[in-house]
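There are two complexes below, and they share chain A, which is joined by chain B in the first and by chain C in the second.
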Partner chain A sequence: MGLISRLAASADVPVFPVVGIGGRTAARSLATLGGIRVVDHPRAAVLMLLVGRPTRSLLRPLLAVHDQLSGPRCTVWWRTGRDGGDELVAALPAVEVLPVGDASALRRVFTELVNGARASDPPALDDIETTPWRGVGPYGQGGSGMTGGTPYGRPLVGRAPDPDGLQLDQLPLQVGPFFGPFPPGLVLHLEVQGDVVRHASLGENPFTRWPGDAPLGPLESGVFFDAVAEVAPVAGLELARARHHLRWASDALRLHGLCSPARRLAALAERIAPGDAELVVRIARQLGRSRSLASVMRGVGVVDPERHGLRQGIVARSTGVPEDARLSDPAYRPLGFEPIVHEGGDAWARFRQRLDEAAQALILAERAGERIRAPGPAVEGPRGALAAGAPSPSGQLLGILPELLVDQEWGDALTIVTSLDLDVEEAAHEVPAEASA
Partner chain B sequence: MAAFGAALTVVLTVGVAVVVTVWLRTAIDPACLVASERVPSLGGGEPEVHAWSRYHVRYYAMALLFLAFDMEMVFMYPWAVVFVEEGLVALVEMLMFIAILLLGILYAWRERALEWA
Partner chain C sequence: MTWSSPLAGVLLVGAVLVAGAFVVVVVDRAWGSIAAHQRVRVAALVAGPARDGALLLLTRPSTTERPDAQAWVLAPALVVAMAAAVVAAVPLSPGIAVADVDDGIVLIGAAFALVMVGVYLHGWSANSPMPLTGGYRFVALALSYEMPLALVLIAAALPAESLSVGAIVASQHDIWNVVRQPLGLPLYLVVGLGLATWGPLNMADGADLAGGTTAEVSGVSRLSWELARRSVLVAVAVVGAAVFLGGWQGPLLPGWLWMAVKTLVLVAVLTGLGHRVARIRLERFVVVAWAVLIPVALVDVFVSGALAL
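Moving on, here comes the complex of A and B:
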């Protein structure tokens, strides 16, 4: 191995994760692995890491993203949860299955690629120009400049008025389901003028289960779903809640470029214990005083509980609505639970709400001891109440997302998407019915 | 003979340059990529329209103000040359000039032209 190959192989392994069914928790653990760099864009990656099971809707985007990795490239697979998906993964060239959470295996594949011991993946899609160049002439030739024909086969965009009274081009885009800063599976159809979103609508949920499909995999918030129908330790639920909020805060910090604190917070989330309440309170206070974070989040994505029909859940509490299913839960009564609320309903209020609730969850976990929660009609999940027959909190939040994105600059739009803590897979799940006594 | 040597050197140099250019083209030309590798990445989405679009350059007001003050600096060089000769008159004239520009920037500020949006 030459000097350049040795130097290249000693760099952090750039990994672009693509998440299928049941893969979100494992994908998050990537951020805590030493020597691994999670990148937001396939062009910056050498390894495409498929985590979980792909669905039929995810296959074409998966192949497209694979081909957008710069060479040398390779696909590896962390299989999580239930088996399946092999017939879909077979469409990718040479996928190696690696043990979940094993950084050394990722490093080995990366080193083999860099030093030439392993061949780079060929393209997964055929070299067919879906939209070939077509000029104005009878044989596709000619035209004057770029407007002469259909440049690179794609039509030029249409125009629409902008708020300054100008007629400007409006570019339609489909972003997702593997767009780095978005939650896995989120597909948005956008129309943008420059960097301002003018129209937004949700695409098909790629995790929707069709007849004949295998069951959905384990959810990141699965412990709360299970608690609707099964007994669950209160301390376990509250620890899972604190872990969830800290992981989310880590994502939010990473989005805003604070990669080092984000990594530390992700590591803390993985080893969190009830005795860490004071530490989390201190972190919440420090981050809550950050002027730079406040300046990018304050006033962005303001949710109005009346207009958006959001009566419960953590987003509603960040607007001042003190609704929480734990208030009416007998298991929480002796713990002295009081819901935390913030005012404003913007991304900044949601950020502080989640950090404060993470600290509160650890205090509750410490107080709960061995207390067990009996199956009940509604469980307060990390995003809102989970009740049999009711739409999942992520489903409700996805419903208000397009309206919040309209007329936002792209940076603010990303802040809004992250601040809502969406789980597209959860939106495709049904809450289990409460077990009959 | 010397002229022939010079011509040979030119021919050889041009030949090497052509070979290197052709090699570079094949080495780094994105045309070597297949169709699916050439499209911009949208996280799995595919572009529907050409990316050549006209958008609002929202920093134009700031750019115009920058140009105005840039020109003011250019004007100050000849003024500095004659300042000692002209004395107080030159100072008063420059203050008037800067006052007019200052009114302009206050107007732009009031019209919120310095805000990004």
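Moving on, here comes the complex of A and C:
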């Protein structure tokens, strides 16, 4: 092994995670593993890490992402939760199943690739045109008119007026389901003029469960879903809530370019304990005073609870609506729970809301001690109330997303997507029916 | 050795840019560890750039459908060349100057302005939406960087009554420009961050674009682009040290060492800002640049001119 290979083998392992069913929690833990570097795009990765179980809808994008890794490349799989997906994963050239959360196993595969002991994966897809287009249309560009057409299977730009009445290029674009800054599985069909989103619509939910498919999960917010039908320790629920919000805040900081503070929050989320309330309060106060964070989020993605039909949940509370299922929950009454609210309803309000609720959750966890919550009609999850028969909070938030994105610059659009804390898998999930019993 | 000879000049400028880029990576990672409340491991910090560079050398360069291949190669080369032109125009000590030309400040302003072309080409060449958007972003912002840059450099030249960087350094014998023109250095550092696509002004290669102009780049191409970005940051710091911090002037230490120390301080400030300040919104920055930075830079010019009379 030459000097270059030896040096390269000791570099941080660049990993591009692709998340399937039940993989989100494990994928988030990647950021806290020493010697592992999570990259934003597949070109920068050597390992494609499949976390969870793929679905049929995810297969084609999965193969496309695989082929974008430049090489040497390899696919490794963290199987989480229920078995399944082997027949889909077989479409990839070679996949090694590794223990979930094991950084040393990732390092071993990486080292073998870099020093040549393991062959790099061949492409998973044939290098052929998926749709015929050459020679079609007046300019042979695959369509009609001067700018219409679908060369390489992708539509060319059209023309549309901008708000100033100018006719500008408008590019149709599908983003997701494995776009790094998006939540896993989110697919958006967009039309953009420059970096301004003019139209937005949701694509198919790749986690939708078809007849014959294995059940979904485990969800990142699974502990709250389970609590609808089962007894659960209040401290456990509140710790899970604090962990969830801190992980979300870490993602938000990363999006806004603060990668190092994001690493700190991600690490804190993994080892959070009820005694950390003071630390989280201090961090929340510190971040809440950040003028640069405020300037990037203030006034962006304003949610109106009336117009958007959001009567409960953390997004509604960030608009000043004091609705929280814990208010009517007998397990919380002795704890002195009072809902936190913010005003404004923009991304900045949501950011502060989640940090404050993370701190509050730790205080409640400390007060709760061994208290147990009996199964009840509704559990306040990290995004909103979970109740049998009601749509999941993520489903509601996904519904308002396209409207919020229209006429936003790309950076602001990403701020909005992140600020809503979407879980596309949760949106495809049903709350346990036993809850109504 | 005559530093103005072509070979010596190329070697000197190349050494400054490569060593400077290495220092940028190390200092940036040190700030990252501090901001993440992690232990600073000196050995890992020092070895990190070599390890990552080796991995990029082993990684195959990627391609896309119908890229502009020549422009893709040219983009980092152009950016490095502009950074080299800037460094060449700055005397590193009284005896070490590659091209301390009479119009050095004009050359520096022009070279920094052409960085825009390199960044745009890098985004354009991939024939892919995210890199292209990153390239357009830089073009949209470029004038907002260049106007304050030109003004603060002109203001710094006024007390020297010369556009030569060597003369500007000499004019700071009694008092550095950072004291004489307190508005100059902060303005210069802000636009410097933008020119180097760094930290809060890294909009061309931002996380919201999944890497922007770098989203389709790997291997040697990625290595050369990362070197190019850091070269611009080094060039910004070298010019800042010469124009605002008195250049090679200082007691006891040799002039080149003073220059290195002052450059290092500015590198630390610039990289540190990247871990403290969140990404700025594009439109907001343009408004701030035209409503605040440019008027303040004009005040800097007028006050400096009045004091120089």
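Operating definition for what follows: the second predicted complex is superposed on the first by the 408 of 437 C-alpha atoms of A that agree within 3 Å, B and C clash if a C-alpha of one lies under 4 Å from a C-alpha of the other, contacts with A are read in each partner's own complex, and residues count from 1 in each chain.
The rule is short, and it goes like this: a residue touches a chain if its C-beta (ideal position, glycine included) is under 8 Å from a C-beta of that chain, and two chains touch if they have at least 3 such contacts.
Owing to the predicted nature of the structure, the values given are computational and were not obtained by experimental measurement.
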When the two structures are overlaid on chain A, which partner does A:Leu166 contact: first (chain B), second (chain C), both, or neither? first
Looking at the overlay, does A:Arg311 come into contact with chain B only (first), chain C only (second), both, or neither? neither
When the two structures are overlaid on chain A, which partner does A:Ala8 contact: first (chain B), second (chain C), both, or neither? second
Output check: A:Arg333 vs chain B and chain C. Expected answer is one of first, second, both, neither. What do you get? neither
Would you sort A:Arg43 into first (chain B), second (chain C), both or neither based on which partner it touches? both
Between chain B (first) and chain C (second), which, if any, makes contact with A:Phe179: first, second, both or neither? both
Quick check for you: in the superposed arrangement, does A:Arg56 touch first (chain B), second (chain C), both or neither? neither
In the overlaid three-chain picture, which partner chain does A:Val157 touch, first (chain B) or second (chain C), both, or neither? first
Considering only the touch criterion stated at the top, classify A:Arg282 as touching first (chain B), second (chain C), both, or neither. neither
If you lay the two complexes on top of each other, which residues of chain A touch chain B in one and chain C in the other? 41, 43, 68, 152, 171, 173, 179-180, 194-195, 409
Would you mind writing out the residues of chain B in touch with chain A in their complex? 34-37, 39, 41-56, 58, 117
If we count contacts the way the header does, which residues on chain A are in touch with chain C in the complex? 3-5, 7-8, 10-12, 14, 40-41, 43-44, 46, 68, 70-72, 114, 152, 171, 173, 179-181, 192, 194-195, 253-261, 263-264, 267, 290, 292-293, 295-296, 409-412, 414-415
Quick one: which bits of chain A touch chain B in the complex? Just the residue numbers, please. 41-43, 58, 60-65, 67-68, 123-130, 146, 150-152, 154-157, 162, 164, 166, 168-180, 182, 187, 193-196, 409
Which of the residues in chain C come into contact with chain A in the complex? 31-38, 47-48, 50-55, 57-62, 65, 129, 133, 136-137, 199-200, 202-203, 206-211, 214-219, 222, 274-284
